[in-house]
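Below: one structure in structure tokens.
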Amino acid sequence: MNLLEGFKSLWNSTGIANFVLAPDPNITSVAEQFMHQYGQMIMILVCLFLLWLGIKKQFEPLLLVPIAFGGLLSNIPVCDMAGPHGFLGIIYEAGIHKGLFPLIIFMGVGAMTDFGPLIANPKTALLGGAAQFGIFGALLMALCLFGFTLPQSGAIGIIGGADGPTSIFVTSKLAPELLGAIAVAAYSYMALVPVIQPPIMKMLTTVEERKIQMTQLREVSKREKIVFPIVVLLLCVVLLPDACPLVGALTFGNLCKECGVVERLSDTMQNALINIVTIFLGLSVGSKLSAEQFLTVQTLFILFLGIMAFSLATAGGVIMAKIMNMFSKDKINPLIGSAGVSAVPMAARVSNKVGLEYNSQNYLLMHAMGPNVAGVIGSAVAAGVLLALCK
Amino acid sequence: MNELLRGLCETFTSNIADALNLMIIGMGTVLIFLCVMICVMLLMSKSVMILNKYFPEAVPEAAQKTVKKLTDDADVAVAVLSAILKK
Amino acid sequence: MNLLEGFKSLWNSTGIANFVLAPDPNITSVAEQFMHQYGQMIMILVCLFLLWLGIKKQFEPLLLVPIAFGGLLSNIPVCDMAGPHGFLGIIYEAGIHKGLFPLIIFMGVGAMTDFGPLIANPKTALLGGAAQFGIFGALLMALCLFGFTLPQSGAIGIIGGADGPTSIFVTSKLAPELLGAIAVAAYSYMALVPVIQPPIMKMLTTVEERKIQMTQLREVSKREKIVFPIVVLLLCVVLLPDACPLVGALTFGNLCKECGVVERLSDTMQNALINIVTIFLGLSVGSKLSAEQFLTVQTLFILFLGIMAFSLATAGGVIMAKIMNMFSKDKINPLIGSAGVSAVPMAARVSNKVGLEYNSQNYLLMHAMGPNVAGVIGSAVAAGVLLALCK
Amino acid sequence: MNELLRGLCETFTSNIADALNLMIIGMGTVLIFLCVMICVMLLMSKSVMILNKYFPEAVPEAAQKTVKKLTDDADVAVAVLSAILKK
Amino acid sequence: MNLLEGFKSLWNSTGIANFVLAPDPNITSVAEQFMHQYGQMIMILVCLFLLWLGIKKQFEPLLLVPIAFGGLLSNIPVCDMAGPHGFLGIIYEAGIHKGLFPLIIFMGVGAMTDFGPLIANPKTALLGGAAQFGIFGALLMALCLFGFTLPQSGAIGIIGGADGPTSIFVTSKLAPELLGAIAVAAYSYMALVPVIQPPIMKMLTTVEERKIQMTQLREVSKREKIVFPIVVLLLCVVLLPDACPLVGALTFGNLCKECGVVERLSDTMQNALINIVTIFLGLSVGSKLSAEQFLTVQTLFILFLGIMAFSLATAGGVIMAKIMNMFSKDKINPLIGSAGVSAVPMAARVSNKVGLEYNSQNYLLMHAMGPNVAGVIGSAVAAGVLLALCK
Amino acid sequence: MNELLRGLCETFTSNIADALNLMIIGMGTVLIFLCVMICVMLLMSKSVMILNKYFPEAVPEAAQKTVKKLTDDADVAVAVLSAILKK
């Protein structure tokens, strides 16, 4: 090895020498050529922006910080960390491609979720169902207006489910090439729920409706809480086996929490296990933030469709509450309808906050938790439909 | 040109139809699922209530544990207190 | 996609349409046809029963709840969760087929076990050895009376070791097709030790024997506890290398516990790590609860042979204690012989409880812990013999 | 028929022999292993006792830790106490 | 199966019958024949010695106990635990060969490291740079005097980085056959830092220099601590992408620690995750302690070169401090130069202790932490150079 | 023999050259990296200080948490204390 050669070979492996790729003579479009040459550099700036969103703006930092950092790492030139032999590529293959990570996280979500408010007032489940309208509305727009394929449209629609692991699970099966954009959109909009929802909620309700007070929820016995996850799983078995991986993981976690005899396992699912998997899920989702897949006009479309999905979901929940009020004398405050989008517990808190603006004694939080957790089940069911029909 | 337009138009129509069908099927499935769930839950709650009447639940362990932990902390405080008072 | 078609394809994917499989014209036997058609449905009921045993009857819930839930999930039609691309199938392949999970759990067991009582009174180890008679007795019956093959008989016999990870490790090597039934039998009977053992213990002992008081155990120094796992491993290296994966994992955990300089690792083995692996071990063992493997007359035989194995093991331990009393003036209370079956610490508690019935001042617990932990080593050694000779 | 019966009989005999052999080998190995272990343990205990006499063990750290933790909790209690008494 | 045959086949599988292998007629050298026949037995003794070092002498026990135990297990005859289907072999393949374990541990190291002292006094980073001289000095000796190949020399040199995960990562890429010896040397010498460094530090400094007092460090704001890991990663991206897996993992952990919004993840990296990975890393590194790879004269060379690497690194740091003092009026106590070898926080403590010997009011600990953590970055950069040029 | 010696000599010379080159390149890279890092850090510290002047940092959460935890423990102690005083 010669000193000059050595320095030169090292220089050739530096980022300075590799950031700007040589122009590819096969690419004729100027914009594409620019993307080809400067893509990684731009993606690093995008990832730094996402990091800033996560840390400074606290947009779901538990996910966005690892995702953004994973994106940063995977856009480093020379060392192909997102490739098949790279750190992130290996984790992606083992955890996301095979679907393990989202399911394990969903177990943890189950072990952290209290379905009590839903059991106490079952009919609020319909609000969580109506909010899935956002999924199918966005799917329609993606398919008809923006020219996405059917599987891609399904993956984009699922953003409206406002549920991270569900989105990642479905996208990794239907359209893995969009995983980066969809995950970023899903987690960002979940963090933006307090900004997106209130105007829609106010637009669709009258001041009187917003002041409706609801009767206090009855107490739920331990036995009901134990039986509930089993019942949901069995229903899912009977009606929609395709949703069973997601619903199964959720109900397993919840059963472990509620049955009271396996506290060790339930604690682990809620802490060590979900944390470990979150770190690797985030990093490996970030590995899909490559320039050629993220720096496209499709990503802009996905960001737009994502906000449409959230808005339609919010509207769906609120309108369903108004419809239910027409047929029932036990009035529901339609503000809790918006909580049906899931985004647990953010959306329920938004319902509570907007409610308090109009009646400072009207605490809607527990009432909103019903549709909120029903929304998680609803999204999982909708995911099952998409997995069955969009492949 | 006419051909192309007609082709586009047909694709669009077929896409709209697909999407609307999916929407109906999907929302239908979700709402049917949740409706059945509501019915089953009401049934379940009824049966569990009857069950609870005849076989009351045992006092949950978790509550006892919290109490115990509190007591432990308290024990420390009491020990310290008595130690101080003795000095 | 046509609306009717879509609904039809969704209907075809529901559990209702798939639970009852179409009759297979190649199957002529009525019973087999019935099993073929309704097997999954029956298995779901069986798994619900196992869940009930775990939650309500607290039969080793830490294992039985995940096993039963895994069985539930793997019997859901359409979504083949126990298949090679399903969630449970992937975990099974990576963790059980390759033997990692049972060994990791055995590490945790080692890190939780105190061999002090055995070191204080080494001769009680013989009781833990004699109790392995259950393994070979059940093996003989399985091979000669019930027509199992030699590897299958070995796997069934190991139920008599009363040790979950050992049973799963051996069965996954010798007869993976029986894993579901053997794991369920092993964990159920471990939970039933307080029911199975006392009658046998009383039958084989006189009232005078049951009242024998034993001298208090001497204190064991830290150095002895550190040297002990190394000595056991070296013995195993010299005498029976085939048992070394199991004994190695056990002694590694124990050494980490006793050496006092790696508390971080020992704590992790006893908590986060063993809990995480237990969740996945349970779920993936459950994935072997398929109808065609579990709903057979063999399963009934296994359940019967399992209880025979436990009974013979109990008898073996008690009789060995009586034999030892013939040759020694330092009398052993034969009630602690039954603790040799391992099932730590349940069997030792049973010895204590039965002892107290006859002499309310006679606390046998610590004395019974000696054979109890020796039984773990004994089973691992017996497992080594089976792995060496039954393949 | 006779052939079949004889065949079955032979299989059974061979199985019995196999199983009995396995039992003898297995129980033998287990008991030899544990006997050797007992002897080695007795030896080990003796040697460790001699060792302990000449090189006594250090006080284990764990004990100190517990004490420290207790003290920490106690510190809190003392702090609170003094704060209350000052008020 | 015949009783005699059975016993014989069991006997043939015992360690007694397999410890001493039959002489290989193809081996002519007496020494090699001896090694071939008695290698495993000797390695077990070596591993027991390493265990004793870890437990009794507390040489980095968190690593050395699992490594030694892994070595013990992998040298057991008959059951090929370090082979491709053995417990340790599988873990090695998945975790070390693919590079995951060292990177995950490096994340944890990042989450435990406080770069504050370095940010407060950036110029001390040069000390951490100069200490990397040990790496290249040892590389030169290995290549020119001991006849190692270039990749092997690079792996041996990295011992001078005094950084476990970095050493293992580099060695597993450049010279996996030396992994056992290099890991043992690296961790042993890290534990021996309080013995190795003081004489060299005293030899190279005057008493006056050792008494130099340094001004107290300014406080570092939270923002600086958050920006620092990002800056380091970006620099690494620009200057040396080959070091990015290591630097990326380190800075990810550190960012999670400092950003304050993902405490769950940071806690997990510092505890459950790093502990779990440490257990498996140690065991699987131990699986490379086979007789034919460890019982060679090369291992002695590596042990010698390792101590040379540490010594040269210490000297490099101290001399750099003296050089810097020539050009700056803000004098640095050259005793903190030795902390540049990393071995966090042992080397910094040594600086502090030696400093106190000469001026009982001169607390150098925080000043030494600057070069100490800079040494970690410096070693990672040097590792990047080796990975780029030694392949 | 002469050939062999010359060969060895050449290998040795080439190895020395390689190793020295690597040392220069390696130490050069490490020191350049750290020098650039030092410069960037000084710059960064300056900019952050300016930033901190105009946009002061929020009080970190962690501190509040510790306080809260202390208060919790303290609450226990206070509760015990008052309970004792009432007795």
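A, B, C, D, E and F label the chains in the order they appear, each numbered from 1.
Operating definition for what follows: a contact is a pair of C-beta atoms (placed from the backbone, for glycine too) under 8 Å apart; a residue touches a chain by one contact, two chains touch by 3 or more.
This one's a predicted model, so the numbers in the text were calculated from it and none came from an experiment.
By the residue-number overlap criterion, the interface of chain A with chain E counts as different, with under half of its numbers used by both chains. Chain centres here are means of the Cα atoms, and by that rule the chain farthest away from chain B is E. Put simply, the C-alpha centre of chain A and that of chain F have 34 angstrom between them.
Remark: chain A and chain E have CA centroids separated by 40 Å (rounded to whole angstrom). Centres computed as Cα averages put chain C at a distance of 17 Å from chain D.
For this pair, chain C with chain F, the centres built from the Cα atoms lie 48 Å apart. Counting partner chains per residue, chain D has residues 18, 22, 25, 29, 73, 77, 81 touching two or more of them. Touching of two or more other chains is recorded for residues 1, 6, 10, 239-240, 272, 385, 389 of chain C.
Put simply, chain B touches chain C in their complex at residues 17-18, 21-22, 24-25, 28-29.
Here chain C touches chain D in the complex through residues 119, 122-123, 125-126, 128-130, 132-133, 135-137, 139-140, 143-144, 150, 153, 221-224, 227-228, 231-232, 235-236, 239-240, 260, 263, 374, 377-378, 381-382, 384-386, 389-390, going by the rule given at the top. Those residues of chain C that touch chain E in the shared complex are 98-100, 103, 107, 226, 230, 233-234, 237-242, 244-245, 248-249, 252, 255-256, 259, 261-262, 264-265, 267-269, 272-273, 385, 388-389. By the touch criterion given at the top, residues 1, 6, 9-10, 13-16, 18-19, 44, 48, 51, 54-55, 58, 61-62, 65-66, 69, 72-73, 76-79, 81, 85-87, 90-91, 271-272, 275-276, 278-279, 283 of chain E touch chain C in their complex. The touching residues of chain D, counted against chain C in their complex, run 12, 15-16, 18-20, 22-23, 25-27, 29-38, 40-42, 44-45, 48-49, 51-52, 57, 60-62.
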